[in-house]
Amino acid sequence: MTTRLVILAMLSIAASSFGFTPANAEADSNANGKELYQLCAQCHGKDGLGNQVALAPAIAGQRDWYLLNQITKFRSGQRGTHFYDIAGMRMRPMALSLRTDQDVADVVAYVAAMPPEKPAATLEGGDPEKGKTHFQVCLACHGPNGEGMQALNAPTLNHSSDWYLLTQLQNFRAGIRGTNPEDVTGAIMRPMSMTLPDEQALQDVIAYIMTLSESK
Amino acid sequence: MSEAAHVHHPNYVKVWGILIVLLVLSVLGPEIGIKWVTLIAAFGIAVVKAYLVAKNFMHLNVEKRYVVYLFLTALAFMALFFFGVAPDVMQGSGTNWEKPGWDAPAPVAEPGHGEHGTAESGH
Amino acid sequence: MIERYVEIASTYGGNIDALILLIAALVGFWLVLCEVVFIGFIIKFREKPGVRGQYITGEEKHQKRWIAIPHYLVLVCDIVIIVFAVNIWYTVKQDLPEPDVTVRIIGQQWAWSFVHPGTDGLLDTEDDIKMVDELHVEKDKVYHFKLEARDVMHSFSVPVFRLKQDAVPGRIITGWFEATKLGSFDIQCAEICGIGHGMMAAKIFIESPEEHQKWVALNDPTEDSKHTSTVAANNAAAN
Amino acid sequence: MRPIATTRSATGIPTGRLAVWWLIASEIVLFGGLLSAYIMYRLSHDAWTAQAAQTNMWLGATNTFVLLTSSLTAVLAHKAADNNDTDGAFKYLWFTILGALIFVSIKAFEWTTEIQHGYTLTSSTFWSFYYCAAGLHALHVIAGATIMAIVSMDVRKGKEMQRVELCGLYWHFVDLVWIFLFPLLYIAK
Amino acid sequence: MSDSHDHHESHGFMSYAFSTDHKVIGMQYMFTGMAMALIGGFFAYAFRMQLAFPGMDVPLYGIVSSAEYNSLVTNHGTIMIFWVAMPVLIAAFGNFLIPLMIGCDDMVFPRLNRLSYQIFLLSAIVLISSFFVEGGGFGGAWTSYPPLSAKAEYNLTPLGSSLWLLAVALEFVAFLLGGINFITTVMNARAPGMTMDDIPMVIWMIVLASILFMASVGPLIAGAVMLFFDQQLGTAFFDPDRGGDPVLWQHLFWFFGHPEVYVVLLPAMGITADVMCVFARKKLFAYRTVLYTAIGTGVLSFFVWAHHQFISGIDPRMANLFTVTTLLISIPIAEMCFVYIATLYGGSIRLTTPMLWALAFLGEFMIGGVTGIFLGASGSDIYLHDSYFVLAHFHYTFFPIAIIGVFAGITFWYPKMFGKMMNETMGKIHFWGTVIPFNCIFIPLFLLGIGGQHRRIYNYEHFPELAGKSMQDMRVFATVSLCIMLIFQFVFLYNFFASLLKGKEAGKNPWKSNTLEWTTESPPPHGNWKELPNCYRGPYEYSVEGREEDYWPQNIPDDEPAGGAA
């Protein structure tokens, strides 16, 4: 962006310095990922902290393998093609705009390297104590501190936006996510989400997860 | 410099008096509560008042004709705009289209997120 | 002519192409005439030593004739074009034939959702088939579509049908088509709708009656017990 | 010193007045566009009638009275300027400005009351139009008062007397707009 | 800050920046417009490269993401219309030419004139600043249809969209002030003896354009206020969920947007008329017909706006009405073109650089004009709407207007503006280097549009029917042509600045032209003439029989047989 600013400033002056070449010598090893992330930043924010009105969750601090899995699912249509998945339909074209596997890898690496930050809580009414009981089912895969586990394809929950966790749990339960026949990992999560008895349980377990990210 | 500026000055206070009487009428008329009386009191009198102000205070009666034509043209364009737009914006439905919920009482709400909001909370 | 670029797969596609050709012929004639005369004048009246320009006011009757006659001819061409254009517009957008099937089309950022009526042939019932980015229609049947938008304006465009209609939030716009060719074709969004506009592609599948029946049966949400719960949940979610 | 161009008058209308006519023409379409939109929405939403009933017609009527009266003083200022009555023109200009101030004060009081009752810009589209149209008009009132204050400084010295008429014309136009806003926003229920 | 007419000219920066001289303000408009044209051209380069070579790291720009692409096309369109065509064609030529051509010393309101430029400059700065705020520049197309433009969660440019709107509104205010000044000046301040029939066509056209602008822009300013409130304050004027109607904005926009086309077209037509008459040494064929057709076009242009909305949700019955009016507008425009062609008949044509530009304007504009019929006819618009056919059509009108017409004007009046002649050879190189690539850019785009390619799509790989090799080849061809054209613009820039330094002295009247601006010094002094001229005849008395000279300046009384030219 700085380069662009310089160029525009030049053009507006319309001076004689036409032989200018941009100085791309910054020591950023992942310049491609950084540049490609600019599109993601429109919704997820330049620090990857998400933006609820754009339906974009926080992604800073998410594991690279999980990011790669999900982008791949979006690109292949395993996610973001359900009739009621409004947010997913916004994400799918964005994932498709990455042209090569290398681009995907670069962007994933860039996002995974972002410093994580606990997003502010937006939900009210969950009871973390009750949620702790419900979380016993989750920790088998997601780990006692919600740190996630690659072997079981369980992402970290520590840095996710609470409203996003709620939406996704609701989606899993309603069959909006995890029902695509090719989405094998999602299919594992769907029955797990059904073990939560009711809507209040979702709130509770998320309230508990939010305390986890605090304790980290 | 302004030889054309010296106009005959009518009795402005008299014009003002008429305007005030009209104003009182336009306020009292709607109190009767009959719809067509309200409309005439509100808009008929407004047109008369506008005419009086334009004629006597703005001296359009002694100004060059084309100034009047200019204003009438501007008003005509607005009428054109109105009649070009009204079939779409003023109607709740038309040939092969409809606006569901167009005439529903306007919701008094905080700025919301439209479909996004419902989509999020719906699942 | 346009068929060489884009196939025609609807009943009125050929009419629209014919209209475009008609206009091309009429305006092409005038364009070529004007350009030829124009370039001819430039060549013929180049500056020559000793030859002065002529003093022609263009205000006299016999001079004005050169403008007036073409100008009436242009008017005639305009009227011809108006007649055909309005005629085709009337068929495509105004006077809808009775539908065999009605589908609902919903545009949102950035995908097309389609509600097919399912086995019972009625919209808004249990067995509606809801798809994203896939519209399945039967050949030689009159389809009505109810076009809606969830968030911003989109435009439902099927180039092979020569059909385009904007989807406006807050409105339900009805249109029609009748497919005449088997195959799968592009559906595009033709109205800028945000950063994903360039990727808002869907497909229309035009199928024979047998194929279409098969597809409906395969996707019938009420047939499959696995899907039943999904649909119930979906309907709950939709409310 | 102004250019010779300004002193020419091929149309017979003095340059300043001609420009004010064009300015008013452009304002007609501006308010015309806004009010056309308002009328279209209004006619198709019956629910707005109840909301329009919440506006304070008496304050609106008082404001109409104030503006009509200030139009009178504006035209009296014009008459005084034509008679080279410097003091009279100055006095009547300031009467007009006083009218503008009263108008704006009433408006401020009215809006404060309404906002306290919970009718804000975003309450409904009727209120959006109400604040938008009346606000745009109030901006014109303030601009007109400012211009008259500036012109009055010259007038006191007996200079640029023709400008009294020009700001008067503009003022009458502001009055005209209010004459139509008043029934549209306050009376028609 | 003095607006007095004393002749001690202090050359400080402040006295230049705050000058009230119409010529200085005209130049300020022109240079601002040229700088903005460079930005607009650079944007075109960036997004054309993306289209030809998707995903490419564009030299001097970087990777063009879909969000940036939208922002680039939006601002390319906005800049080229509002910050290039309008300021250069109307404001720059209007300011420079009106007082000189009607024979007075300045605009009637010099300080209002300066204010209008300052507001315009502010609007340009606001627009440029909108590219650098959080979220980037606005990307909802220059038509800015809500709800996309009204809600940040849809357009994802919370600040960019509002700054864009603010900039456009400021620009309108600037041109309203400027327009009032132009109209009043021409109506009131003409030289003694100059009747309506003696006003040069370019002045007529600029005034008509200003009137059209003034009569049409009001609703859009009101609409801009409403949209701004929707964006920033949460009102619901255009929000269908809360009782608004997005189609209202379309009407507000296009009620202005269509006359706007003629606002920029007419001045270019006027420039062409003047340049053609001078270099064909001909009287304008049927002066009054040209005038009446221009007025007719202007009036008709208010009746056609909804043809931009045929398929965007208006009632289909209305489309029939607007088809009729739209096709009718082809009549005055066609007539105007016929008159221009007839003007060439019997001339003595000198193909100087300005004349080449003027002729190219006519030749290219006719293509743009006739392709409009396809879009104005509702039936064929169903297919062609929002396709590249539309894009190519309006570039075939706007490019001749905003680029070719402007170059005709600049090269023609350059001697008067700066007192130097431009280099003819370089001028011709620049001419051919612009006009040929221009056709090479947009003819393929016509074909792509017929092939069903839609607008504002950043990468056609996602649409199988559009991703074919032959279509991609056409995109590459167009992009390469664009780059060639852009490179040739440097020839012009070099010629422009080099001629300032070492160009041949122009003298008072290098083109042997009739109109009044050529009777004073080049460049004209402050106050334009020592003694203001009178006018004795029409502007196009060339090759009058019985006169020794083939031109007859407007300021020469009838009894003086020979022209007093330099």
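Here the chain labels run A, B, C, D and E in written order, and each chain numbers its own residues starting at 1.
FYI, contacts are C-beta pairs under 8 Å (C-beta built on N, C-alpha and C of every residue); 3 or more make two chains touch, one makes a residue touch a chain.
Here the structure is a predicted model, which is why all the values come from computation and not from measurement.
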Per-chain Cα centre nearest the global Cα centre, belonging to chain: E
Farthest-lying chain, centroid of Cα atoms versus that of chain D: A
Longest centre-to-centre distance from chain E, chain (CA-based): A
Chain pair with the most C-beta contacts: C-E
Gap in Å, rounded to a whole number, between the CA centres of chain E and chain C: 31
Between chain E and chain B, distance of the C-alpha-averaged centres to the nearest whole Å: 35
Chain C and chain D, separation of their C-alpha mean positions in angstrom: 48
Rounded Å distance between chain B and chain D, as computed from the means of their C-alpha atoms: 15
Residues of chain B engaged with two or more neighbouring chains: 73-74, 77, 81, 85, 89, 91, 95-97, 99, 102, 104, 106-107, 110-111, 113-116, 122-123
Residues of chain C whose C-beta touches two or more other chains: 93-94, 108-109, 150-151, 169-171, 173, 195-196, 198-199, 237-238
Residues of chain A engaged with two or more neighbouring chains: 39, 42, 53, 55, 84, 86, 93-94, 96-97, 170, 173-174, 176
Chain A contact footprint on chain C (complex, rising order): 108-111, 113, 130-133, 150, 195-196, 198-200, 229-230, 233-234, 236-238
Interfacial residue positions of chain B with respect to chain D in the complex: 1-2, 4-7, 9, 12-13, 15-16, 19-20, 23, 26-27, 30, 38-39, 41-43, 45-46, 49-50, 53-54, 56-58, 63-64, 67, 70-71, 73-75, 77-78, 81-82, 85-86, 89-92, 102-108, 110-111
Chain A-touching residues of chain E, taken from the complex the two chains share: 31, 34-36, 38-39, 42, 54-55, 57, 60-63, 65-68, 128, 131-132, 135-136, 152-153, 156, 459, 461-462, 490
Chain B contact footprint on chain D (complex, rising order): 7, 9, 11-14, 17, 21-22, 24-25, 28-29, 32-33, 36-37, 39-41, 43-48, 51, 57, 61, 64-65, 68-69, 71-72, 74-76, 79, 82, 122-126, 162, 165, 168-169, 172-173, 175-176, 179-180, 182-183, 187-189
Contacting residues of chain C [partner chain B, same complex]: 93-94, 96, 108, 150-151, 169-175, 237-239
